[in-house]
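A, B, C and D label the chains in the order they appear, each numbered from 1.
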């Protein structure tokens, strides 16, 4: 805990959010009131430095807050996780590291403006993924091109959580193909030394695009689980001024992402650890509520039920311990090899643990828990999504195996990750 | 295969049923057209002897048909499974066994009438379960009482698959409490020798109640999976004539159920084996359809994906082999100790295998497979239900363990099963 | 069952073999008396055609016999499995298929001589593997070279089961490197069209090398499990006459192996299914023997113990059903794509199931079962070996996944298998 | 870390211990030199207060030391674990708690003498278990009876780790049956208020019995794994003076054991976490040593191998995090409900994780790793023992399930634990 108790901030918001979780799931949309709740609790600025109006929290603060929120609504926690990952990556990359990556001085001002606005309640939605591209940046079809002292961005993004309520979108795009007949073609990388050419991942840049004309949300989200994220498509054909380029240097933000995999890898783990806790608590409530309705000692009297809860208890405790350890290391030694291993471990364990626990607890509770409206019906579907979100469990295991065996996970893995 | 190719009969119906599976899942209701399809294919009479107008099939024929149907729609296969379990238990209990259990001669005429009507297309919906009672007959709240040369039945049944389209309901009810102040109280068991008193399971009897006045379907079904069964509540306050008592003897049909656990235990296994096959096929379609869209050799090129399909292939093959072996034994030696072990094995393996396979194949296919409308999104939810349906996996494992260790599973188990 | 009841033959031998299993495990050597037992029961000729003095059995007969033998001693069953795989591959490859693969007429006479000698009690030990080469023939260091109307074979073989008691060794060797300065160099392939050159697998040939001078068994076997196979190293520096080349054509026997993966793939499954049965039976004996020694109803009274036995019962039943189905198909339609899938499935499931069952049953029985001398102590170690023997579980899963997804498992797999 | 770095102390001893681990396993005996090593490093007094000559360490110090030692030899770590559990339970029970349990003032002097002798290098072997009694104190057959101002103890103990080298034995015994004809019968409990009668667990007392006449070690240990503990039988027919009664009050030490389950429950977890680390490291060494011997990129190039190491890495990291969290809580808040939950979680996870990891890593490394002399051959057997040692995994899961569902694990569990 750096300067704030993330769990405490979150706790103030959870009752209202929990009350809306069922409806959000039914409708497949983030409740606007949930966002208001997060905003009101100051959670949009949890990781923004206090000098910019935020709480100055660190990764561990977010890991605590995320678990508390996710125990009320995994979907709403996931939406905030996207926002927080952008804020965190920017707020907690040391200045010297950013400079070493090539950030010009203008980067810092732009960054501070963004962070101050987040602390003031501006919600950033992340528009990185595209249908069919998986998590691979090299397959992005959204292109940017210099135009009139700014950039034209065209493409369709998918899985943009909270899109309907976004104040600004954090958009990944690839540089358009160079036109070799045009000597003034602006797609030349600003800093060729950090670029592998227009097809390389280094030419993927990120832009902050305000909602408004040229940006339309297409309500396409209709998923098995985590339905309340409202992760719709976003269609872009929009011009943005030069300062919308995050960091002011093409390709810069990617370097940040690679160096800080805690954002959008380990932070998912915290969210799903919260979902796991919700599963367990809903199961306990269900079983204890069944006491005395016919069976002498209720479901608690069944050894197989007790064994399922006992195994789940230990598995979730282990997950919490891993998330805690990971968070401590991220705050103490961000980006180191050992820290990054804990990041991948946390993601791998979260995905698998929560799914297994949900399956087992539903089995302990029986058919009644599969009725729509029962929290376990929703949570079982939510729990399935963790290991599918990037990096998937199979990718995490491969990364960790390579690291353990002396390979370079970033270079040697079967699948590109960025 | 006794006298008919069940799989072949089913194959004629599956295309149309498959086309409606998504809508049935969305609406949570059995499509009336599906029932017409089953009726038209003669599947309502698959197990009815040919002398009564049926196909004279055996358990293996149903196991084959169930798997084919379930590969198109697990929900529709489940609905037919309920009907077929009643038909099968009646059609395939040898006359001498029924006599030994106490069936009077009038039983055989009544049974043949029921079977002939099934072969003619009458659909029997099973109304045994009640909310909160689990599978335990001793906890049933629905009561019957003699009234005017017949019986008055009052209660509310739950989980009645296909209720909206039932021609007749197969209703389990307990004898009403005796009134010790009334010497003419009609709740005295007809045959005290087969009864353990009004609270004993032997006093549970089954009735055939035609749809119509006094029987109302309350559309309450809204479940995680197998939504297309339309397994609604049924409210009964109805008088039926004496011949509506199945077997003509209170408590008789229960004995049949105990002696023939293949009906509603192993037959579930066949349905879920078909669901597993559907999962696998949908996964293969998904992965092969992804070839060439960016990745050099598509998802097939990923070793982790191949391993998931390879493991699933072996697991489903094992399940099929077990269902086949079980079915062969049920037809050759019904009700023997060894046959019954195969019945419990098949149920246990089906529940667990199909759920595990669905989880793994979804993980192989990724987020795209979790979008509503994708067959895997529905199948993942359907697959969760197998081990929850009676007998649950935990109950099966306990039963088998007791049998292996020399106990009497019916007497010594932790949970009563009937 | 083709013409003999393999299980019945085996049953006559198991009591004596079981009595020696502990000592064989302790000593790490195949008891000579076990081989006498197998010989006396005619099991060396189980698959030899009756016209050559054998029992004319098929794969299913061996699968039955192997399970019975392995329930007494997995190690002894494995030794016979090696012998039987050579016999089976030769006896049950149709003549027309052998001709199509390039077998000259002389092949058939040589084959019949070998089979007749096996039926007469000659024990063939398989000397294919080498330390460090895994199962990959392309990595073999043992070389053969033409010399004086015959062949000189030099090399060291590992894992040769029953080596101490072999009458003849079935040896795999690669053609020595060609000497480009010698125009009469005899390493030129006999049939270049079936060869990929001296480094290709097609240049791996098999030889029948009698025990005697030039062949020395080096007692090196000292393994975790299956210790009683006495799978020692065999050092070869020996000249054999031309007719020792199996099939009379370089590279021929490999084609047989590829076409008939049941030998040494599915046949392992049958052996390990028998080991699994031994585990289960030893566990039941242990638990039932503990009744009444303090606990009210002994270990049987513990629900967790019952659940372990119940799960194991179902898993082993499934494995048996898969081995049976595989064996039926191997006999009915050998070498077809679908049959071969069952072969890989059987191997995959056997390796995993038996290991899991052993771990769980030992846990059910507790510390007392881990004392040396208790059958479960040995069986736990034996059970670990199944999935490690070729094809390993990971290889099987990859093969099956590729087959399911439309690839060619022989061509596309990550690891060469022959 | 209270006042010492347990890991650091242990590190000084591990190289020599590791070098003897193979021989210890082969011989089934604790090397005397290992004990000298532990003594020389001061590890026998790790938990003894500094005022008595020890290092004043806490549970976390032991958890660190145990993991380091177990990575060299799980067996030797287990031996020290038994000694340390006695020392720890005595050293770290607060005086006021001991008084509340009924300890007279003489207890503290006796305790301090014992601790000082441990710090001076006296090795305490634990002789609690008996063959057939499992972990249940109520089934103990060893009896004590007052005799000549002291006690006569008669019985045979089993599983006494390090027995051959014990300086003193920590012996559990039950009060002999009272003789109702003898009014001076000395078996009357000293303090009836803490006793449930001679058959109750409260009448189990512990004694410190020096090695020497009347105490004979019977070399009976011959186990699957952890062979180097030399956990032999100890036959007792010995008189000890009154002060040999631990705590000076019959039944007292049991209360300590119940209140402080970390000793001999969580401390096992630390040992097995070290074994898991040894498995992983041996696997990495094996795989990296295989690079370049034939396969292009060695076993590391196989995705299935990488996945196995990746999964193992995450599982072992989780186990370490749980052991760390448990240890922190034990030191900060010993005996609380929440702390005790972490104790059971750590034991449950250690037993299962290490066994699963060992099975998977052996599978990744292949047959070569199963040869005796390869560290994985030994470690695979050692890893099997964790979940069998008390409290077994099934007992832990039941305990945790009851605690989660609101039951009282000590009162309601299926199996008595003390």
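Here is the rule we go by: contacts are C-beta pairs under 8 Å (C-beta built on N, C-alpha and C of every residue); 3 or more make two chains touch, one makes a residue touch a chain.
All figures in this text were calculated on a predicted structure; none of them were measured in a lab.
Asks: Looking only at C-beta pairs that count as contacts, which pair of chains has more of them, B-C or C-D?
Replies: B-C
Asks: Same or different, please, for the subunit A to subunit B contact, judged on whether over half of the interface numbers appear on both copies.
Replies: same
Asks: Find the geometric centre of each of subunit B and subunit D from their Cα atoms only, then give the gap between the two centres in Å, rounded to an integer.
Replies: Taking the average C-alpha coordinate of subunit B and of subunit D, the gap between them is 51 Å.
Asks: Report the inter-centroid distance (CA atoms only) between subunit C and subunit D in whole Å.
Replies: About 42 Å separates the centre of subunit C from that of subunit D.
Asks: Which positions in subunit A touch two or more other chains at once?
Replies: If we look for residues of subunit A contacting two or more partner chains, we find 303-305, 307, 394, 397-398, 414.
Asks: Graph shape for the chains shown, where an edge means the two chains touch. Line, ring, star, complete, or other?
Replies: The chain contacts form a complete graph, every chain touching every other.
Asks: Show me the residue ranges of subunit B that touch subunit C in the complex, using the header's touch definition.
Replies: Residues in contact with subunit C: 280, 284, 287-288, 300, 303, 305-315, 317-319, 321-322, 324-325, 341-342, 344-345, 348-349, 394, 396-407, 414.
Asks: So in the complex, the part of subunit A that touches subunit C is made up of which residues?
Replies: Contact set of subunit A toward subunit C: 303-304, 307.
Asks: Under the touch definition given earlier, write down the residues of subunit C that touch subunit D in their complex.
Replies: Interface residues on subunit C, with respect to subunit D: 131-134, 136, 139, 159, 222-225, 293-294, 302-305, 355, 359, 362-363, 366-368, 370-373, 377, 380-381, 384-385, 387-389, 392-394, 397-398, 414-415.
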